[in-house]
Amino acid sequence: MAEHLLEVRNLSVEFHTAAGVVHAVKSISYHLDKGETLAILGESGSGKSVSSSAIMNLIDMPPGRISGGEILLDGRDLLTMPAEERREVNGRRVAMIFQDPLSHLNPVYSVGWQIAEAMTTHGLAGSKAREEGLRLLRRVGIPEPERAMRKYPHEFSGGQRQRVMIAMALALRPDLLIADEPTTALDVTVQAEVLKLLKELQRETGMAVLIITHDLGVVAEIADRVVVMEKGTLVEAGTVREIYKNPQHPYTRKLIAAAPGKGVMHEPGARAEPLLSVRDVRKTYGSFEALKGISFDLMPGETMAVVGESGSGKSTLARALLRLDEPDSGTALWKGRDLFALSPSELYKLRRDLQMVFQDPTQSLNPRMTVFQLISEAWVIHPDILPKARWRERVAELLAQVGLSAEHMSRYPHQFSGGQRQRIAIARALALEPQLIICDEAVSALDVSVQAQVIELLDKLRREMGIAFIFIAHDLPVVRDFADHVMVMQQGEIVELGTIREVFETPRQAYTRALLAASLSPDPDAKAGCPEPPAADAEILIPKRSH
Amino acid sequence: MTLATTDNVIAAEPSLLVRMMRMLLADKFALSAAIFLLVILAIAIIGPSWLGDLATKQNLRGRNLPPFDWTRTWVWWMGADALGRPLFARIIVAAQNTLMVAAGAVILSSVIGTVLGLIAGFSSPRTGQIIMRLADVIMSFPSLLIAVIVLYVLGSSILNLMLVLAITRIPVYLRTTRAEVLEIRERMFVQAARVMGASSKRILFRHILPVVLPTLTTLATLDFAYVMLAESALSFLGIGIQPPEITWGLMISQGRQYLTNAWWLSFWPGLAIILTTMSLNLLSNWMRIALDPVQRWRLEMKGGKNG
Amino acid sequence: MLRFIRQRALASLISLIGLIVMVFFLSRMTGDPAALFLPVEASAEMKDQFRELHGLNDPILVQFARYVGDVATGDLGQSLRKARPALDVVLEAFTWTLWLAIITMTLVTGAAIVVGSLGAFRSGGFFDRFSSMISLVGASVPDFWLAIVAIVIFSINFAILPTSGTGSVLHWILPIAVLFVRPFGIIVQVVRGAMVGALSSAYVKTARAKGVKSGPIIFIHALRNAMLPVITVVGDQAASLLNGAVVVETIFGFPGVGKLMIDSILQRDFNVVLAAILVTAIAIFLMNVLIDLAYALLDPRIRH
Amino acid sequence: ESGPIKIVLPEEADLLEPCMATRSNIGRIIMQNVSETLTELDVRGGKGLMPRLAESWEQKEDGSWRFNLRKGVKFSDGTDFNAKDVKYSFDRVMSDKNACESRRYFGGMNIKIDVVDDATIDFTVDPVQPILPLLLSLLTIVPEETPMEFVREPVGTGPYELTDWTPGQQIVLTARDDYWGEKPEVTEATYLFRSDPAVRAAMVQTGEADLSPSISQTEATNPATDFSYLDSETVYLRIDHNIEPLNDVRVRRALNLAIDREAFLGTLVPDSAVLATAIVPPPTLGWNPDVKVFPYDPDQAKKLIEEAKADGVKVDTPITIIARTANFPNVTEIMEAIQAQLQEVGLQVELKFVEVAEHEVYYSKPFKDGRGPQLVAAMHDNSKGDPSFSMFFKYDSEGTQSGFADPKVDDLIARANAAVGDERAKLWSELIAYVHDEVVADVLLFHMVGFSRVSERLDFKPTMATNSMLQLSEIKIK
């Protein structure tokens, strides 16, 4: 039997928690050969990240425990390998891109140093490593890479951090790359770049890629084979085409059916008194202009999608609107009152009406609070919303609405998967029953089935309660399904603003067209004929819904 | 805090108290420490009324009696001091004053220091600057001078002594807290709390303080030892607690001159201080783990095995 | 940066002045230097004359104005006891103290970081328990006790080190060793605590994924994140050393500022007390500036 | 043999000012080593007052004194010593440009000085001062050129001169070649300063020093090197007679009877200490051997207190003992024991320890108004051979530390001060007995002993004066 590069056999992982043992991964097996790309698809919380962490030897043991199985790299079991040898494997032979780039980058070292370290650790000279780091940063499309080398993680946008992680992982040209949701925070153009880079490297070095993603488009674009996970077990495996065209397992079918971009486009109603009216917002970081005069209106019950290049200032705008970062100038009239001119105490009263779901869910959850505490904090702060007696019930309800269960209530954030944390953050924002929610990549870490469920929930809230949304996303099909208006941003400016139909069907700007063109289709056969006219393309990438 | 009530633990889980007890049982060191501290506390409460007379009964002819004379009653097992008083009894009686001064000073300074530190780190730069420079002033004011001034102006008493020691220890807590707040307030979960409309008070005490608390607890437990010893130094200079009041610190400073020929005079009170500090520290290390959800498994796993 | 320093210097100057004013008036509430300078049998006239000679008979505000005037011209006055400029007396002593503090704190910080970090790395392990115990005993043992025991062992029994005094490098060993113990105990615990948290962070996982060795993971990745409380406490300990290590100075006959300060306070030699506080305060203020700069240096998120 | 030695002292001199040499930490270094006096009290033998810079002296008819000075004496700065220097030295002590401590010995008298010639000088004192030559053993002679203000580098006629002073570290005295007298064996003395008695003892043991004039009793365990000596310090409790119940002599007597002085000897107080019957130690003029130490008689004490109580004296008022921390060895324990013993006989006694500055407030007049009954524990030093240095301050109605006013005592002091010879001794004896037995002025406790450790290299025996004066020329090297 020809030896596989990586072979996972009957791997089982469990976690000890106060409430009992959680079986995160239950006896899964798969293999991967040189130069091959295997995608792991699956529900959020199904054990994708845990199983790949096991390969990297990164599970905290205890409380975690690999209760069975073996992980063979070139036939040698990584689980029984001596520590020193094991360490050499990491980085050099196997590298990993983490799902959650902000917490996985060391906050006190410059990005350049961290990338170079990956190489110096394995014996490369310092100057060479920096040079290589610079080259990699350029390859992943970070603007001004020279300066970026000296910047610290918190000075980057979400997508930029993710690209830094990618650069770091690719630094040593590993034999095996484990990429955990490497493109969740990337806009489609950058995503295309990154995927191209991966493919190039694969061609050059024969690197094998284990990619974890929920984006069927990405799967179609890059993967050779797919395995599908659900609730810790492996439910289906096959080539991309097999799985897409002929899914066997019900879960897989559900997953594929749930792919977004198939709904009816919203037609916004007549413009009335705007809920929020933003004029000429500017923000600079040092000499860098992150926002160069943003203006738009938002009606009650409307959704404004914000799409655009990674690093174009989407999160900055969101933060400015909420006064988390003070904007340099501009006004934001909320029901006629300027948010930027409010005193702290006035602002405090308005807080409950404006909520935000942050781009980095892990960091936005207090690690010392249980899910119950996190969500019910809203009511502690604003006691008039809900009487205390009903808190538990309501928390359970909210959790169910975002696809979690009541028994998660007493768990702490670190005990969840990335997508689960994102849903906790959404539930928390909903708990306050606000009038506007700013969602910064709020559904990007969710698998399509859960994503559909959450989007549906949000849509329902909008319809029934008139909640308005500012919806920052890079996933155009989702945007298409959910938003009324789209705002396309590039380098701190709005390059295009219009209704969903206007922008998707008759994009005026070249950048918007490029964006739409770069959007990936989940159909593996669709990619051949990709660079068609954008407007038509948007139609093509929508498979028929199987009702 | 309102959130820490029992109803946030779902039915399947044991109550908070039971969980803490289990975690305590899981750590043998912390358990012994807790028991030791309880004993000391009990002693501090009943000591003076129980052995007060015995501890002050002098016998010049039996001075500096060596320890380990098992033929006598237990109060003599640690030997006798320079006036022939049983050391064991004196240590027990001294526990009250000692703990009062130490706990008082540590609690006072840590609470004041922490609150000021939180304010300095979180409020406007101007307020922060004022508080910090105030800390500089206290820090560079020699504690001895504060002691002389306070005790000279207000007179020497346990309360004043506590006050003096408390004042001098404020800056550590203040500076430590502020430094951490500067970093923590930039974290995303703090911003998330702001978005929810949490007041500064809530953010400081509910979100930021728990992160700083372990460090502060470590400092506070170590300060316990510091305060007990500083109090001994002050006594020696004539501006601290003076006989006939007794504290461990005073006993140490009285035993100082007999160090080379009657070591037990300062050894036992010294040991009492060391053991108390050590117990407090073991307990605070345990608490650090028990209160940190990310670390808690260390105790729960063990508890599981034992149970 | 320049603005920061200018602002800081101004604020520090104000607090320095406040400090001096406070000490000036408060210390004068603590009794009459004449009674202490002159023998108990001295007559009232003699005492009066002594006060006259040193300007202590003037109203306190006049005394204060005179003092301020003198300080403005760089004159911190004469020591009552020593009949020489107070500043000279203090600077002489302070030089010793400064060296003692610098050497001790350097050694302490280095050692405590290594021991505390290693303890945290294998927290609960044998080394952790052992080093914790040693450091806790160190933090709570009376220092005079250590000093005397050290002299008995190293000077009398083994006769390898001088008992006390100054003169050679050997004379520094025991004082430093004794001063080392308590800050070491405290800082080990603080390092250990902070490192336990830092080592369980996600970025440590990243480092492990990169294949970084344990050494750099502990001392490069985690340590810098854990340094904030550590340098604060180091600063606190250094400040107490700068204020003088009284016991060690007393026992080892080390001519530092601590004993000078105590003696001057007990003798009510106000000019020396004021000068000593001024000098140590400046040192401590400077140190705090360095520490604040170090915060910013260590953690880019604090830089503003 | 000759050579250098090292001496370790408990505290550093802050000044080496000759006119402050009566302060022990200064005098121990420069008195008679650097700065000499006209006369000198023999503390070793019974020779009494001996000539030093004065070769002889006499009292003239009118009560004034004439001193004939030694010739050919040079100061260490090379200038000659003559009568003008003596006058200048005296004027300097009395000047208001400095705070010379020795001025206090010449208080209450009017002194006129006439320089007769270079080698003769007359002192006319009003009122007549019979012990002027003794007082002059406290006047250090400086050259005329010395400024009025305090100096830090003393110039004197003594056998040594100051050659190095590194503050905080050491003081070095080196023998002079042109000293007028016999050349001492010690060629150079280095003074070191350590406050801890255990360290001082250890330094002699390890050879880092040759002589430590004061070590603690607990360290003095080696008979070959450790000596004890009566050190002229007297410990007592000063009674404040002005406040009830201490204004009643029965209560004061009861205080004395309640204390078991013997029990302290060999325990908290060295064995060789002497129970005190006077504020001055035995070798002092007029010390009265007939005065007996109060016996330990608690029953009698209780009886006296009962009697006083029956007469309406408020014996239940709490009495405060005020003591100074670190005043003398074991002070806390001794005071605690005394407190316990006084309580034993039914008195209410509190104990209060204060630091030196505060102690002074309680000890010396003016006393605070509204104070309660107080016993101030204090230690008094008189090594000068005459009670006049003590009696006025401690017992005269005008005395700064006196706790009572008794016309008879005032009269006795005045007469004794004016008397000479046997008459003087008799009057002092009478005073001592009266104060002790009739007035029961205070609770006298012990004449203390000191311990010193002397390297076996040296041949030296400390004396009563060692506390305030340590003549290097008396030290011989084996």
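For reference, chains read A, B, C and D in written order, and residue numbers begin at 1 within each chain.
Here is the rule we go by: a contact is a pair of C-beta atoms (placed from the backbone, for glycine too) under 8 Å apart; a residue touches a chain by one contact, two chains touch by 3 or more.
All figures in this text were calculated on a predicted structure; none of them were measured in a lab.
If you compare A-C with C-D, the chain pair joined by more contacting C-beta pairs is C-D.
Averaged C-alpha coordinates give centres for subunit A and subunit C that are 51 Å from one another. Note on chain placement: the centre of subunit C and the centre of subunit D lie 39 Å apart, centres being C-alpha means. Subunit A and subunit D, compared by their mean Cα positions, are separated by 88 Å.
For this pair, subunit B with subunit C, the centres built from the Cα atoms lie 22 Å apart.
Residues of subunit D found to touch two or more other chains are 198, 355-358.
Annotation for subunit B: residues 148, 152, 186, 237, 259-260, 292, 294, 298 touch two or more other chains.
Residue positions of subunit A touching 2 or more other chains, listed in rising order: 154. Shown are all chain pairs that touch, namely A-B, A-C, B-C, B-D, C-D.
Interface of subunit C with subunit B (complex): residues 7, 11-12, 14-15, 18-19, 22-23, 26-27, 29-31, 124, 129, 132-133, 136-137, 139-145, 148-149, 152, 182, 185-186, 189-190, 193-194, 196-197, 200, 228-229, 231-233, 235-236, 239, 243-244, 246-247, 261-262, 265-266, 273, 276-277, 280-281, 284-285, 288, 291, 295, 299, 301-302. For subunit D in complex with subunit C, the touching residues are 14-15, 17, 22-23, 96-99, 101, 103-104, 107, 149-152, 167-169, 192-196, 198-199, 202-203, 205-206, 208, 355-358, 360-361, 363-364, 389, 393, 400-401. By the touch criterion stated above, subunit A contacts subunit B in their complex at residues 16-20, 62-63, 102, 154, 322, 324, 348-349, 351-352, 354-356, 358, 360, 363-370, 372-373, 376-378, 380-382, 392, 406-407, 409-410, 412, 414, 425, 428, 432. Note for the complex: subunit D touches subunit B at residues 197-198, 216, 218-219, 221, 263-264, 267-268, 324-326, 329-330, 332-333, 335-337, 339-340, 351-358. Against subunit A, in their complex, subunit B makes its touches with residues 2-3, 7-10, 12-13, 19, 186-189, 191-199, 202, 206-207, 210-211, 291-294, 296-298, 300-301, 304.
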